[in-house]
Amino acid sequence: MRFLLGEAQTDFDRTLDRLLGAADTPGAIRAWASGDSSAGRALWRRLADAGVFGLAVPEAYGGVGLLPVELGVAFTQLGRHAVPGPVVETVASAVLLARLAECGERGPAKDWLPGIASGAAMVTLRAPGGGPYALDADAADAVFTVTGEEWGLSAPRDHGPAQPSLDPARRLVRPPTGGVPLAAGPSVRDAAAHAADWAAFATAAQALGAGLTLVERTVTYVRQRTQFGVPIGSFQAVKHRLADALTGLEFARPLVHGAAVALARDPGGAGAEIAAAKAAAGEAAYAAARTALQLHGAIGYTAEYDLSLWIGKARALRSAWGTPSECRARVLEGVPRGVDGP
Amino acid sequence: MDLDFSAAEEAFREQARSWLAAHVPTAPLPSLETEEGFAAHREWEAALFADRWSAVSWPERYGGRGASLVEWLIFEEEYFAAGAPGRVGQNGISLLAPTLFEHGTEEQRARVLPPMASGEVVWAQAWSEPEAGSDLASLRSTAERTDGGWLLSGQKTWSSRAAFADRAFGLFRSHPEADHPHRGLTYLMFPLDAPGVTVRPLGRLDGRPAFAELFLDRVFVPDEDVIGEPGQGWRVAMSTAGNERGLTLRSPGRFTAAADRLVELWRERADPADSALRDRVADAVIGARAYRLFTFAAASKLADGGRLGAESSLNKVFWSELDLALHETALDLLGPYGELAAEAGEAPAYGSWAEGYVFSLAGPIYAGTNEIQRDIIAERLLGLPKGRR
Amino acid sequence: MRFLLGEAQTDFDRTLDRLLGAADTPGAIRAWASGDSSAGRALWRRLADAGVFGLAVPEAYGGVGLLPVELGVAFTQLGRHAVPGPVVETVASAVLLARLAECGERGPAKDWLPGIASGAAMVTLRAPGGGPYALDADAADAVFTVTGEEWGLSAPRDHGPAQPSLDPARRLVRPPTGGVPLAAGPSVRDAAAHAADWAAFATAAQALGAGLTLVERTVTYVRQRTQFGVPIGSFQAVKHRLADALTGLEFARPLVHGAAVALARDPGGAGAEIAAAKAAAGEAAYAAARTALQLHGAIGYTAEYDLSLWIGKARALRSAWGTPSECRARVLEGVPRGVDGP
Amino acid sequence: MDLDFSAAEEAFREQARSWLAAHVPTAPLPSLETEEGFAAHREWEAALFADRWSAVSWPERYGGRGASLVEWLIFEEEYFAAGAPGRVGQNGISLLAPTLFEHGTEEQRARVLPPMASGEVVWAQAWSEPEAGSDLASLRSTAERTDGGWLLSGQKTWSSRAAFADRAFGLFRSHPEADHPHRGLTYLMFPLDAPGVTVRPLGRLDGRPAFAELFLDRVFVPDEDVIGEPGQGWRVAMSTAGNERGLTLRSPGRFTAAADRLVELWRERADPADSALRDRVADAVIGARAYRLFTFAAASKLADGGRLGAESSLNKVFWSELDLALHETALDLLGPYGELAAEAGEAPAYGSWAEGYVFSLAGPIYAGTNEIQRDIIAERLLGLPKGRR
C-alpha cells in the first residue's frame, strides 16, 4: 500500500499548475461569461497538449487509457485555477463513448474520441444525474444527450439561449431535442451511469481545487490586510475559521484520491467512494467559499475582484453531478449489510 | 404580556394592506441595480410618497404619518407580505434620517427629508474607505475648511446605491490634529454630481453594480450640509447606530414573508418525507418568528421608556445568519435551478431567490461584520474582558 | 401590544430566583439521583407555597387557574436552578385532570388537583408524546398513564426499577400496567394531547433556564480562569462561542413567551407556537451545554463539579416531550396554506 | 497510488481476525471505570499479551511483533470491528512507550515495557495541574533533588486511569531557577502506591471515576525513573507529541467500526425516508472513511521517509468532532432510549452508545483542546501571524 502520488503524478501536477498559473484564467472566465470563448478555447488546446483529455480516452482512440488518479490530479488543478468550459462534461462524454464502443457501438467513438483527446473537440453532455442543462453547449462542438433509454447526438449550434449561472464561468443551456439518434437500449443506460460517475468524480476533484485556492488566497489576504493596527490574520476568530476550512479540505482530499483508486480498480463499483468524495469536497469547498467571502469582507463580494470567480464556482460545483444529499444516500447504499469490519 | 394589536393598529394594518393590494405592481420591477430598474424604483417611491406610505414613522410635516414603532412594524409586515418592490430610498430613510432627527437642524430636516421620501433625491452611504472597513476610526478622507464650507478629498468605497444615487453622506477627517482617531471627524452630506466627484460603479458578486467607489477631489460642501458640530462626527454617527436603528435596519416583516414563501416553495417542490429539507424550512420559519417576537419585545421595552444597547448586535448576527440559511435552503429546494443567476430567463420566481441569496451573502459582512458584533456581544452583554482578539 | 413581563410577573420571577438560589439544588439533585427524595420533596413544598403548581390548577380545585405566562416564568427558573423531580409531569397531569373535569369526569380532579396545587402531591405522567417512561415514578405519589384510548391510574409504589438518565436528576421508570381505569374515549385523547402541549411548553421554558445558567456560569469561569497569563475569556474564540450560545438563547426566549401568550389565547391552537419554542430552546440549551463544557475543559467534565448537572439536563430536555425534529414537523403543519402574510 | 495490502499484510490481518474471533469475550466486560471492570480489563490485556497482540508494533523482545505502522492500522481495524474490549493499557502503550523508545535507556525499556504490555502494571498520565491545562508550561509541581533520586511534591489532576492504576508519568519542575517556563522540567515515572501519594478519584460526566487528582508529598523517585536528561522534560515530552503519535492516538479502526455500527442501528431503527438522520449517518461513514484514508496517506508519507508535523492537529480536530457527531446521531436514532445512562438496565447495546457519547464529549478537550489545535493549524500550517488570540 502506497497511498501517495507517485513522482510522475507530482510532476504532472506541477506542470499543470505552472501552465495554468501563467494563463490568466480570470480573464478567460470573464470573456467566457460574455459569450467569447476564444481565450477558453486556446487554454483548452494547451490543456489537451499537456495530456489532460487523453486521460479519459482509450489508447485505441488516441488517448492514454482511463487514468483516474491522474485525472483527479488534473481536475484538482483545473479547480484551483478555475478553468472555464465543459471540462467535466467532455471527460464524461469520452467515458460514455468509450464504454459504448466496448459494447460494439464504435461509430461515435471513432468520430469524436480522437478529437477529444487532441483538444480539437470540446463537447458537452446532458445525462441522468447531471440536471436538465448541458453546460456550455453554446461553445461546444457537440452536445450529447441521454434521455431515459434514448441517446442522441444533436447539431452543436441548435440550442436555446444560455442561462447564466451563479458561477460566471458556467453557461447553462437546455439541450436541443430531436438530434440524430446514435444508439439505444440498456448499454446506453449503463454507459451513461458510468459517465455520470466519472463526472461526479471529476467535479469532486475540481471542487477540492477551488476550495484550496479559496483558502490560499484568503490566507494571503488576511496576512496583509490591516485593521485596528494589526493584520486581521492575527485575530483568533479569523484563524479558527481558516483552520476549519482547511480541515474540511484536507479530509476531502484523501476521499478524492480514494475514489480515484476505486475507479481504477473497479470502474463499475466505485459509486459509493465517488459519492463520499463528492459530498465531502462539495461541502468543504462551499464552506471555504463562505469563509473566504466573510474574511475578505466587501472586497470579496466584488465582481471585479477575482476571488468572486472561485466563490461562485464552489457554490455551483456543490450540486453539479450529485447534490450532497444525493451523494450521502448513495454512500449508505454502498455500506454492506452485516457488521463485518471495513 | 400580550401580542394583541389595538383597534387603531388593526385599522392601520387594514389601510396599509388595501393600499398595497391596489398599488403593488403585479410584475416585479426590473432590478434595482440597473439604470432602468433604478428609475422604476424611484417612481415607486414617488407613488408611496404620494399617499404617505414612504416613511410612515416620520412626522406628517415631512411626508410621514407619525406612525409608532409598532405601526411601522405592521407596515413592514404588510409591505413584504404583499411582495412590494425593494426600497431604493432605504439608505436615506433608515440611516441618514434618524441622524437628522437626532442631530440635524429644523432647516436641514425640512430641506432634506421630503425629497428623500419621494425618491426625488436618492441617498448613498459613504462610510467605508479602502483602509477603513471594520476599523472605521482609521478613516483618511479629509474635509478641509474653506470659505462658507468644506472641501472633501479622498476615496470612499463599497458605497451602496452610489452607482445611480444623487447624494451621499459620510464621515471625513476635518481636524487632523485631534488626539484620538475617533475625534476630529465631521459628518457631511454631499452631492454625487458635483465637480470633483468621480463615481466608479462596482459589481457585487453577481456583477450588478450595487455599490461604487467614490473619488473626491476638493469637492465643495456648504456649512448647511454639516450634521451636528464639526469634529463631532463620530459621536453623531454612533448615537444613531445603536438603539432604535438596530431594530429598524432589517424589519421582521422581510423574514416572515420570505419564510412564508419558502414554505410555499417547499410544498410545491419537496418530497414531504425529505426531513432534511423539512427541518431546514422549519428552522427558517422558527427563526423568522423568533426575530419577529424579539423585535416586539424590544419595541415594548422602548415604549416602556427602556433603552436598547448592545442587543442590536444580537439582532444583527441573528437576522444575517437567518437570511443566509433561508436562501441556501431555497436554492437547495430548487435543485438544478438553484444554480441559475437572477437574470437567467428560466430562474424561478423571476430570479428573486437567486437575487435574495446573493444579497444574503453580504449580510454577515455589512453594517458591522458579525465578528465585530460577536466581540460586542461578548464584551458588552456578557462582560468578558476586552483587549485581545 | 405589550410583549414584556408585567411587574407582578417580574416580582414572581425574582422571588423564585431567590428561593431557589438559597436552596442548594445541586445537593438535592445528588440525593435525588441516589434515590433519596427528601430534599427534593422539601423544595417541592416550598415551590408549591410560592404558587408554582397552582398556576396549572383551576380555582375550583385550589389553584389560580391556568396561567401560562407565569408558568413559563416559573419553569425558566426551575431550569436555571436545575430543580429535580417530575415538575413538568405534575403540571401536565394537572392540565389533563382539569380538562377531563371539564368533560364531566370530575372524580380524579377532585382527588388530586387540590393536592397538586398545595404541593402535597407529586405526580407523574406517561402519555403519547412523552416517551415510554414515567419520570421519577419511584418518588411520585401517583403515576397517570394514557395508552391510546385508555387511561389508568395505578398504585404509586408498583413499578419497575428506575433507569438512570444522562441527567442525574431524572429517573426513568417504566410505568406499571393494570392500574385502576378512570376514564376512556376521545375526551381522554383530547385531554392527553392538551397535557402533552403543556408539558412541551414547560420543558421548553426549563431548557431555556438551564441554558441561561450554563452561559452565566461559563462567563464567570472564563473571567477568572487564567492560562497563558490572561483570563481565557479574553480569547476571541472563547468570546465568540459564548456570544453564539447567548444569541441562541436570547432568540429562544421570545418564542417561549410567544408560546405562553398563544396558550393563554387559544389553548387548543398553540401547538405550532409551542413546537417552535421547544425546538429552539432545546437546541439552544444543548448548544450552551456544549459550549460550557468546552470552555470549562476538564473541570466541566467532572461529576463533582456542579456544572455537570446542567450539562446532563440540557441534553435530556432537548428530546423530552418532543424531539427537535418532531417539533419542526409540527411547526410546518401549523403554517397556513397560501401566502397571506403573517 | 494504491490501497492494496501486501500478501504479508493480508496474512497478518487474517491472523489477527482469527485470534480475535476466538478470544474476544462474547458479553462485554464490566465498565473499565469500575474496580471490577478494571480487573477484568487487566486480565484481557494479559490474554492479548500472552499471544503477542497487546503491542504489535513493539520489537519482539518487549513482547511485540515488530509490526509496521500499516500492520498496526490493520490490527486496530480488526480489533474494533471485532468489538473487543477497551484498552486499559492505552495510556502506557500510546503515550509513555513512544517516549521510552525515543528517550529511555535500554534498561528502562526492558524493565518497564513487558509488564506494561501484559497489564501487570497499568499506567496513568499525570500531565495537568489545576493551574496548568492548555498552558502546560505553567506547571508548579516540583521535583527536589535528593540522594539517588528526586522528591516529588504538588498536585496533578485529570489524571486518567489513576483511580485504579499502578504507576504514573508526568513533568515536574526540577530547576526552578530556569529562565523560561518551558525549561527546568523533568520527565519522571512514579508509583501511585508509594508513601506520600494520595489518589482522589474524580467522576467524569456520568459519575464514573475515569480520572483522579493526585496529591504528592515528597514522594521518592529513584534516578532510574527519570526519562531523558533532568531539566529536559519539556523537550522529551514534546518530541513524541507530534509525528507518529498524532497518528496513533486514535486509530481509524475505532471510527470505521463505530460508523458501521451506526449504519446497522440506522437500518434497524430509522425510517429510511427520514433523510435528516440519513444524512447524519452518511456523514459519519464519510468522515470515518476520510480519516482512514488520511491516515493511510500519512503512513505512506512516513514510510517514504517524510515527517509529520502540525498535521496531527488537523487529525485531532477531525476525529474528535467526528466522534461526537457520530454519537449524537446514535442518541437521536435511539429516540427516548438515547437518554438512558450507560448503566441503565434498558440502555441499548449494553450502554455502549451512552458510554461512547460521554467519552466523545471529552474528545475536543483532552490531548490539547481543539481551540489550541486550531491555533496550531492556523499558525503552523497556514502561516498566520502568532501573538494575539
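Lettered A, B, C and D in written order, each chain numbered from 1.
Keep in mind that, in the parts below, contacts are C-beta pairs under 8 Å (C-beta built on N, C-alpha and C of every residue); 3 or more make two chains touch, one makes a residue touch a chain.
According to UniProt, the chain labels map to these proteins: A, B, C, D = Acyl-CoA dehydrogenase family protein.
Note that the coordinates shown come from a computational prediction; the quantities given were computed from them, not determined experimentally.
Asks: Measuring centre to centre with C-alpha atoms, which chain is farthest from chain C?
Replies: A
Asks: Quick check: more C-beta contact pairs at B-C or at A-B?
Replies: The comparison resolves to B-C.
Asks: What's the distance between the Cα centroids of chain B and chain D, rounded to whole Å?
Replies: So the centre of chain B lies 53 Å away from the centre of chain D.
Asks: Suppose each chain is reduced to the average of its Cα coordinates; what separation in Å results between chain A and chain D?
Replies: 40
Asks: Which chain D residues reach two or more other chains?
Replies: Those would be 274-279, 371, 374, 388-389.
Asks: What positions in chain C touch 2 or more of the other chains?
Replies: Counting only residues that touch two or more other chains, chain C contributes 234-238, 240, 325.
Asks: Please name which positions on chain A make contact with chain B in the complex.
Replies: 131-133, 161, 163-168, 170, 172, 174, 226-228, 234-238, 293-294, 297-298, 301-304, 308, 311-312, 315-316, 319-320, 323, 325
Asks: Which part of chain C faces chain B closely enough to touch in the complex?
Replies: Residues 1-6, 9, 69, 215, 219, 222-223, 230-231, 233-236, 238-240, 242-244, 246-247, 250-255, 257-258, 260-261, 273, 276, 279-280, 324-325, 327-329, 331-332, 335, 337, 339-342.
Asks: Contact residues on chain B for chain A in the complex?
Replies: Where chain B meets chain A, its residues are 128, 131, 133-135, 138, 157-158, 202-207, 211, 274, 276-277, 332, 335-336, 338-341, 343-347, 354, 357-358, 361-362, 364-366, 369-371, 374, 388-389.
Asks: Where on chain A does chain C make contact in their complex?
Replies: Interface residues on the chain A side: 235-237, 240.
Asks: Could you list, by residue number, the parts of chain D that touch chain B in their complex?
Replies: Per the touch definition, chain D meets chain B at residues 273-279, 388-389.
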